[in-house]
Structure formats: C-alpha cells, structure tokens
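Letters are used for the chains, namely A, B, C and D, taken in the order the chains are written, and counting of residues starts over at 1 for each.
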Amino acid sequence: MSRQKRSKNAPRTGSLKTVSIPIKGSTLLDVENLTVTFPTVRGPVDVVKDSSFRIDPGKTLGIVGESGSGKSMTSLAIMGLLPEGGEASGRIRFFGHDLLDRSDREMRRVRGDKIAMIFQDPLSSLNPYYTVGVQIAEAYRAHRGGSKAAAKKVAVDAMRRVKIADPEQRVDHYPHQFSGGMRQRIMIAMALCLEPDLVIADEPTTALDVTVQAQILDLMKELQEETGTGMLFITHDLAVVSEVADEVLVMKGGETMEHGTAEEIFSNPQSSYTTALLDAVPRITDVVGDIKGVSHE
Amino acid sequence: MSAPASELAGGTRKGALSTLDSGSAPNPVKRVVAALRSTPSVVVSFGWIIFIVVLALAAPLLEQITGISPYAYHENAIDPALGGLPLGQWGGVSAEHWFGVEPGSGRDIFMRIAYGAQVSLTIAVAATIVTTTLGVVFGMLAGFFGGVLDQLVSRLMDFLMAFPALIFMIALLSALPAGNRPLLLVIVLSIFAWPYTARVVRGQTMSLRNGEFVESARASGASPARIAFKEILPNLRGTIIVLSTLSVPQYIGTEAALSFLGVGVIPPTPSWGQMIASSVAWYAVDPMYFVIPGLFLFFTVLSFTVVGDHLQRQLDEGDAA
Amino acid sequence: MSDTKTPLLEVQNLTKTFVTQGSGAVFAGKRSFTAVDDVSFAVQPHETLAIVGESGSGKSTMARIAAKLLEPTAGNVLLNGTDMTHAKAKDLAHFRSKVQVVFQDPFSSLNPKHTVERIIMAPLDYQGVKPPKKRRDFVRDLMDRVGLNPDHSQRYPGQFSGGQAQRVGIARALAVGPSLVVCDEAVSALDVSVQAVVINLLKDLQRERDLSYIFIAHDLAVVRHIADTVAVVNKGKIVEHGDRDSIFDAPQHEYTRELLSAVPQINPEWEAARLTRAQTAQKENP
Amino acid sequence: MLFYILKRVAAGAIVLFLITVFTYTVFFVLSPDPAYMICGKTCTPDRIADIHEKLGLDKPFWEQIWIFISGLFVGREYGEGVNAVHCTAPCLGYSFQTSQSVFEMIVQRLPVSATLAVGAAVLWLLAGIGGGLIGAVKKGTWWDRGIMVVALSGISLPNYFVALALQYILVVKLKWLPFPTAVPFADDPLQWFQAYIMPWFVLAFMYAAMYTRLVRANVIDTLGQGFIRTARAKGLDPNIVMGKHALRPALTPALTLFGMDFAALLGGALITETVFGLNGVGKLTADSITQNDQPVIMAVTLLAAALVVVANIVVDLLYSVLDPRVRVKAQ
C-alpha cells in the first residue's frame, strides 16, 4: 500500500462526509488520464497509460484485455490498493471528488461502503479462519456500527439475497465448507451488503465452471437491476463482456485500444486489435473455418 | 496463422511486472553469484569463512613456523602467585602469544583456536555430508515412491524427531566408550539430524512428483530411476545447497555445546566449546579466555547462517537457481 | 495393420476408484470415490475425439488412463486392437512411441532446469531411439515446424511466454512421431489470441502427420473448432457421445443442453453486423 | 473427536515404548557395566554379581524391560529380603549413588525448571512476536534491519557464551546483580528474581531470535494473501486487518514450534541451568552424566521424550481448535 501521491497528511477539511455527498451534475465515476507506474530496475514502467472512462449509476463498463494488459491494475488504482511501489496519477473522480487526493483514512471510508470489490479466486479471497458470516458482517460493522447480532442478521439477509439456501445455518460455516460457486456468491453478498454505489468485479467468473459462471452472471445482473449500482467488470472473455457490459474498453499492454458502447465495439470495431481479438474467439454456434490468430508486435 | 515471432514478448510468464525486473540472465548460477557478490554482508561472511578454513588448514604450518604447540605449557607466561593467571594485560596477549595464554596451564590460545577450528569444521562438514546424503536419499525415496516406503521412512523420522535430541546425544555420548570422539560425534549428530533434511526433501519431492513435467517424462517413456535422477534431482539442487549451508553452523554450534558439557571432544584435543567450558572457572578474572573462543564461534556460525539465508532468499526469488 | 475398422485407440469399460486416506496416521479411516465409472470410447485414425466436461467430471483421469499414465481399477486400454492395459517394458515402450501427451500448464509440464533441446529430445532419449538426423538439426527442424525460433534451443522454459512454452510441449510430443496425441486442456491456460494460434497449429499438424487427438477440454467453443466426435462427461460417466455437429446442433441429453446454454456468447446481432461490414469492406478493397 | 484423541494417545504410547526400549538398550546393555560404578574401587566378582541381581541385570533383556515398565505403574523392589530397596510407583529407577528414588529426585527439581521455562517463554513470546510483527510491518526499514541483525546474533551466539558475558558484565564489572543464588519465591522474592532474571534472559534471547524470524516470515507471507486484500477492500482499519486477519493465520503455525520448545525446556535447560547453578532437571541431568548415574540419565531422557510426545498431542488438539480447516477433518 504505497500511493505516494496520497499523502498521509492530506488536509482534513471537508473530507470524510463530503465524499458521500455528490457534487452537483457529477458522474458516479469519472476517470481521466489515469496512469499507473511501477518502479523497476530498468526505471519506471507504466502498466496503465493515460486511461479515461466514466461509469454511470446502473451501468456496467467492461474492461477487456489479455494478461498483462493492465486491466486489474486499473481497478486496484481506483480502490487505492495498488501493490507496493505502484503509483497512480491523473484523476479518479467519484461523484466529483478526486480519490487520488484522499488520505488513506478517507479512502477507507469509501472502500467497502461506497465502492466494493469482487475478486477472481473466491477461496483465497476469504479468510480460512473466520466464518463467512463474520466476514460479511465485519464490513457492515466497520462502516455502520451496531451490535454483532444485528450485523449477523445483515449477513444472513445478504446471503439470502445471493440465493444461498439455508442462510441461518450456513452463516456460521467456514469458507472451505462451500463450493467455488457458493464462495463467489458469498463474495458478492459481502460486496453488496452495504449497497455500494460502485462494484468492481475483477474476473469474478474466471475460476468457475461454465454452468456456475452463467448462474453467477445472472445473479449479478439481477442484483444490479435491483440496486442500480454502477459496475466495473474486468475480464479476458469477450463473450462474457458482451453479455454484461453497456460500454466496453479494450486494453493491451496498459494502453486503451478502443472505447465505446458494447454494440459499437462488437458490431463495428475500429481498432485492428479489437478485430483480431474478436476473430480469435472460438464460437460454439458455427465454424467458419480456421479461427484467426492475433499478431502481437 | 500469424508469424511465429509474434509471441516473442520475452519471458511474459508472470505478467508485465516480472518481465521488467528479471534481467533473464542466461545462466542462473551466475545470476545468484552476482546477487550474492553485491551484498556486503555476504561478502564479509564469506571472507570470514575462508579465513577460518585457511586457519584450520594452516594450523600445523603455523605450529612449525612459530614453534608453538597447542599442547605446550608456557609457565613463563603465567603468574603462579596469582593462581596461574596470565602475565600482562588482556589475558597475556603478546607478540609471542597473539591471543594470550590459558590461565593455569599457559597454553597458547591462538594455536588452540586454530586447531579447534580444524576439529569444529571437520566434524561439522563431515556431519553435513552424512546428513545431506542420508536426508536426500531417504527424503527422495519416501517422497518419490510414497506408499509403504513413505510410511516407514516417515515413521522413522517422526520417531527420531520426537527424541529430545540434545539430552539424548549427551546421554548417548556419556554412555558410549570414549574411542574416536570426533567420529562418534559425527555419527550421533547425523543420527538425529538427517530427518530434518529428509523432511524438506521429501516434501519437495512430493510436490515435484505431482508436477506435470514428471508426468510428461513418464509419458515420454522415462523409467522411475531416470525420473528421480534426471527430472527431480536437478530441481532439488538449490534446496540441497541451502539446507547443507545452514546445517554447517548448526553442527558447529551443537559440537561446541556438547564439548562445553564435557561429552564432546576430549582434552587435550582443543575445541572451541571445550575452551569456553574450561574458562567458566576463570571468567571473572580472565574474561579474554572465554571471549576469544566465544567470538570465533559466534562469527563462524553467523557467517554460515548469513550465507545460507541469502542463498535461500535467492532461491525463493528466482525460479531457476 | 491399421485396418479402418480397428480403432487406433480404444478404452473399454474403464473404472477408476481413488482411495483417499484419512488425516491421522495409525488407524486412519479410508474413503473411496469413483472418478471414472464404466466408460468406453474409441479414437479412429486421423480423427479428433474431444472429451468435454466441467471440473471434477473425471475427464482428466480418463485422459491419463488412455495415455497409460494411470492404471485403471477395471477395464481395458487397446492400441490398434492389442490390449495394453497391463503392458510392461517393451510393449509399454511401443505404446509410448505411438501415444504422446500435451499437458495443460505449459510451464509446469516443462522441467525448468532443462534446456529446450533436452526437453524436446527427452522422449527419444528415454526410449533409446536415435533421431533420424543430427540431434541439433532434428531439434531445429521441429522447433521451426511448431513456430519457435530454432536459435532458442539452448534456452530454459522460464525464458519463454506461455504460448511459446506450449509449442515446446507440442514439439516434444511430436519428436517420436506418434499416431495419437492426448491433449489435456492443452489450450486452456493460454490467452485467447495465443489459444487460436495453437489450435490452428494443432489442426495443421494433424493434416500433415496423420495424427489422431484425444482432446480434453472444458471449453465447448474450443471443442467445436477442433473435434470430429465429442463425448460429454459428467460425474465420471459419458452422458452423450456422437459426432460434433449432432452434439452441438441437436443435443439429446439434458446435461449437454444445460452446458451449451451456459456458454457465454457474443451478441449474435452485433456479430452478424460486424461480419457483414467486414465482407463489404473486403469487396471494396480487394 | 474422542476417537481422534485416543488414536493420538495410542500412537504416542507406542513411540514412548520404543524410546524406552531403545534407551534401555543403550544404557544397560551397550554401555559399560553400571555395577562397577556402583560398587566403586573395592570390588569383588561376588559383589558385582550381587548388584547385577539387585538391578535385575542378570535377567533376560525383555524381562528387564517388562520389570522397568511395570515399575512405572506398580513400583518395584531392588534386591530381596532385609537389604531390599522399595521404589514406589511411578518408579523411574533408583539411584544407588544418592540412595534416592529417581522419580523423587526429578519431582524435587521440576519446579526450578518450570519457573525457568515459564519465565523465559513469556519473555521470548513477547519479544519474538513483537519483533517479528514490527519487522514485517516495517519491512525494509532500519527498524526491520536492526531487529533482524539482533535476531541473527541471537541464533548465532552460543547461550553459554551469552550467559558468561552477561554474568561478567552485570555481576563482576557493573555489580548491578549479586551472584545468582536461587531461593524459593516465598523466602525472598527479590533474591528469587535476581537469581532468575539472567537465565530467563539468556534462554529467551535465543528463542526470541528464532521466533522473530519465523513470525516475520509468516506475517509477510500472510500479508500477501488474497484475503488480506479483501479485508482492505472492505475498508477495514489497518489495525483490524493486521490484528484480526493477518495475525491469526500467521501465528497459528508457530504454535507447533512453541509446544515443542516449551516441553523440551521443562525437561531441563541443561546448559543454562548448569552455567547459572540452578538446581533444575537440566542440572540433574548434567550432574548424573558427570557421575555416570545411569538410572537417572535414563529417567530424564525418558521424561524429556514423554514431554515432547505429550506436547505433540496437545499441540495437535489445540491446532484443531484454532484452525477451522483442521477442525472439520478431525471430527
């Protein structure tokens, strides 16, 4: 956790509460010229270069790219959770407030409460030593306070919302007692129990079987419709993006290759990289012959 | 089909970040050596180890040159009126006796340190060779073949590790006839220490055995013996080097402790631990007598540990060491 | 010998039961679970059989038994009609020269301490076969064929990207000139663009070298691109087995239908629009 | 769960039995005849035979083992008639050199070893966990480096050398402490404390060094885990992330080590007790070795092994309580 840009002594004035009060006419999330830099022995390297996008309430932006494209670093930069040494510059405006100016203390108020995150591997993302109930409830207690019993009730309700059968019993179970799909439901319950304004989902279905993936995607769409949450959906799978996203951003090697509505990207791609990626996706519908490879130079 | 060179992004194995800081030196051994050479503490430690090895090897030569035997009593260097305390400052440090002399007997401490180094290093290195060999053989057998063999070896290891090793070593050494003490020390140390090497080797072998490259060697038609020696053993190399480097200081320390307790190397053969033991009676009046062997012991154990620690770190960082 | 009626490789009534040991040591209880339950399938020469299923369906266990990396609890493995189930020594060596394997993770399936040349030569070395020409040239030719720079033969696996490493794995499988290659999730770990290239490579090699494949995968779309016949497995059993188009276009079994409907798809309307545009563009600028 | 415990106890009993046989073989069969030690310089073959009979050494090997083991539960007689010596259960043997039951000798000295072990354990746990945590949290800073250098010294310095140096500096040179003479706590608390403080420190320094390195490595490892990132993403306070999510997974594995180390110390800190003249089980062991009092050596070895075996079982049970993943398997 070392965002040098976010100084520990950042001014407190108008801090904590104002983050949650939208500035008039502002968007949910407005990222401008985001650049993420890591120091290496060969000098600093930009893993995200000059990336700009916005997300409106109830809408989903899909960021799609192959490994090393910088898509995950974009999401961690928004959360202020870049790995050691990582530094973000540019503007990340959340309801008009620049998150990059916030102190770590202020960011903690935002994380979990206003912006929640779902990770790829639900097993390693859950602490094996605590029951899932405790882990769902602790975010609630950290932000809203209240008794343990009340928080547990929140956890049970959240588990019911993500359609885990018998939540009163299951709330006291440990992560390893759940299947992969169920664990991801728990992660979603955890992310949604505070009704955040924005959910960042980083490859949330990659580790899952295809039938379970379909269930989880349906669940996420359903919950988003209910709550009107904005969503940043990160994936390598173009077909998944086509199913969930309103807008799509294609990344490669830290750079934005293309950005537009899902329909624009899929029906009329402008960048040759996007076209090549689309050509490379194997399809189950019909076989037109060889799928095309993508050249990487 | 795209051009084959298209994927030539370098070693994009762990994503963009690791590509950038791994200089992907052609030879992993060179990379480790280069990293170690740029670490001052390792260089100093290595220097000390070389110094001690040279001291041990050169001990007979030094004896000839100076004409001072480690066993010779120098009554002119001690003061009988004071119960045999060394004459002069700092425990009798002089041009003739560089580290002073032993109180009571007047034996030259420097020569005893040099010969003591010989004893300590011989025992520690011999025990390391024996435990590493036993540990690798048993660990690989148990980890590679599993089943009944693994059960047998594992139970034997559990049994030996449940022993209160130090107490038992002391008891055993005190019970056994004197005979060749250094040899006995090596045997006793090895009996109780090999399971620690074997346990690590076994664990690594088990995880390597489940690796797909072992399965692909089987699919290629390799016999179990070839898989063990050609596929698995090269991957254990780093671990074995680290384990043996870290064994040496442990055995030096244990030998010294046993000698300190009077069940190790038997006088008059010098040993650092034994020198400290005989200094107990004099520590209040002649502190140099325990400080010198104590520091030699400390620096030697420390140096081996520092080198071992850094080798371990290099092994953890680079996948190919 | 290779009569068209005799399948290249056939497995009959395979069952594999694993015994899982309890945690304790002395009087540990044992439990068993059946990973493969009475499964039969056959691969014809020059044909690709895909075995598709979700995690835990037993598909990898089937592949390993078919490649004789695992002994079945019951059932037989036949190569060209000869029972190889309990083949030892010479017969097993013959089997290994005919059946090779490409694994899922290109890195863990290549020994990190060996050079690419040593890895590619390993099957020949282990089987005591001399290459048809000079060692170095043989490796260079193979590397060139799978799309690797032959000058990199002295490099270590860690110095390659995932797609390149998988090509090394393919070159190794081809070294002994096999008739059948078992591909166990061979493209699953790769990025989509690299995956496409490797699939095409596999198809080209099949045409050139008269290869058969047993292609294990969880990705139905990939299977559609490479398979001739498809076996859908669930909980250790084959639930549906048939030629590719009938499985994809007219699935009979409930589970197959569920699996197919779960596969995410790019919006077909957008897709159609894009293809039309691409075609027009091609006509305009030939 | 009960079945699991019984299973572990049975396995432990088997290990102890094997250790008994092994130890007995070494001490009464392979090593020099203990009878010579007992009867001293003026010995006649008759007297030797007499002692052999008394010790039961004339009996077949397995019968000797049986007598020894049954002695643990019902006691045993050495010799017959008027000269017979009775050793009440649990009989670990009888020291003819001191004319005392070995069990009594050990029981008398156990409080000293326990005091030493408990005090040192408190110190080393505080220092080890604290040092390891600071090192991990401030990784790469001068704090971290300083702590690691001290820890490295701690594992490299022989504890008898530290003991001598400490006594020389604090007692001889600075005269801050009197020469340590152990007394019961009730007699003189200050003197009691002054006698134990240095041995506590010497032992704790060595162990704290090992624990610092272990805890630091474990904490750093845990902080890299996915669930720590999740905890941060929830907006939890860093202290909660550390104290609740990182510490438990990082420290639970260290429990095994602690159990073993503590048990081993209860069985006597040989070197520390000898150097500081503390009359504990360790000193008893050292003295019996010097005097070649074999029944005592054998008994303390067995005691130490038993403590390790018991600690092993206790640690495993505790582990199954503390780690939910193990808990479910054990049930």
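The criterion applied here is as follows: a residue touches a chain if its C-beta (ideal position, glycine included) is under 8 Å from a C-beta of that chain, and two chains touch if they have at least 3 such contacts.
Fair warning: this is a prediction, and the values are worked out from it, not measured in the lab.
S.K.: Contact counts by the stated rule: is the higher one at A-D or B-C?
M.R.: When B-C is set beside A-D, the one with more contacts is B-C.
S.K.: Let me spell it out: compute each chain's centre from its C-alpha atoms, then which one is farthest from subunit D's centre?
M.R.: That would be chain C.
S.K.: Where the centres are mean C-alpha positions, what is the separation of subunit A from subunit B, in Å?
M.R.: Chain centroid spacing, subunit A to subunit B, equals 50 Å.
S.K.: Centroid of subunit B to centroid of subunit C, CA atoms only: how many Å?
M.R.: Each chain reduced to its C-alpha mean, subunit B and subunit C end up 47 Å apart.
S.K.: Please tell me the distance, in whole Å, between the geometric centres of subunit C and subunit D computed from their C-alpha atoms.
M.R.: About 56 Å separates the centre of subunit C from that of subunit D.
S.K.: In subunit B, which residues are in touch with two or more of the other chains?
M.R.: Each of 1-2, 5-7, 9, 12 in subunit B touches at least two other chains.
S.K.: List, in ascending order, every residue of subunit D touching at least 2 other chains.
M.R.: none
S.K.: Which parts of subunit A, given as residue numbers and ranges, touch two or more other chains?
M.R.: 67, 293-294, 296
S.K.: For subunit B, which residues count as touching subunit D in their complex?
M.R.: Checking each residue of subunit B against subunit D gives 158-159, 162-164, 166-168, 170-172, 174-177, 249, 253, 256-257, 260-263, 273, 276-277, 279-280, 283-284, 287, 290-291, 294, 297-298, 301-302, 305-306, 309.
S.K.: Which subunit D residues qualify as touching subunit A in the complex?
M.R.: Going through subunit D, the ones touching subunit A are 225-227, 229-237, 240, 244-245, 248-249, 252, 323-325, 328.
S.K.: What residues on subunit D touch subunit B, complex-wise?
M.R.: 15, 18-19, 23, 26-27, 30-32, 152-153, 155-158, 160-161, 164-165, 167-168, 172, 264, 267-268, 270-271, 274-275, 285-286, 289-290, 292, 294, 297-298, 300-301, 304-305, 307-309, 312
S.K.: Flag every residue of subunit C that touches subunit A in the complex, lowest number first.
M.R.: 54-55, 162, 191-197, 199-200, 203, 218-222, 224-225, 248, 258-271, 273-274, 277-278
S.K.: Quick check: in the complex, which residue numbers of subunit B touch subunit C?
M.R.: So the residues of subunit B touching subunit C come out as 1-2, 4-13, 24, 28, 155, 211-213, 215-223, 226, 231, 234-235, 237, 319-320.
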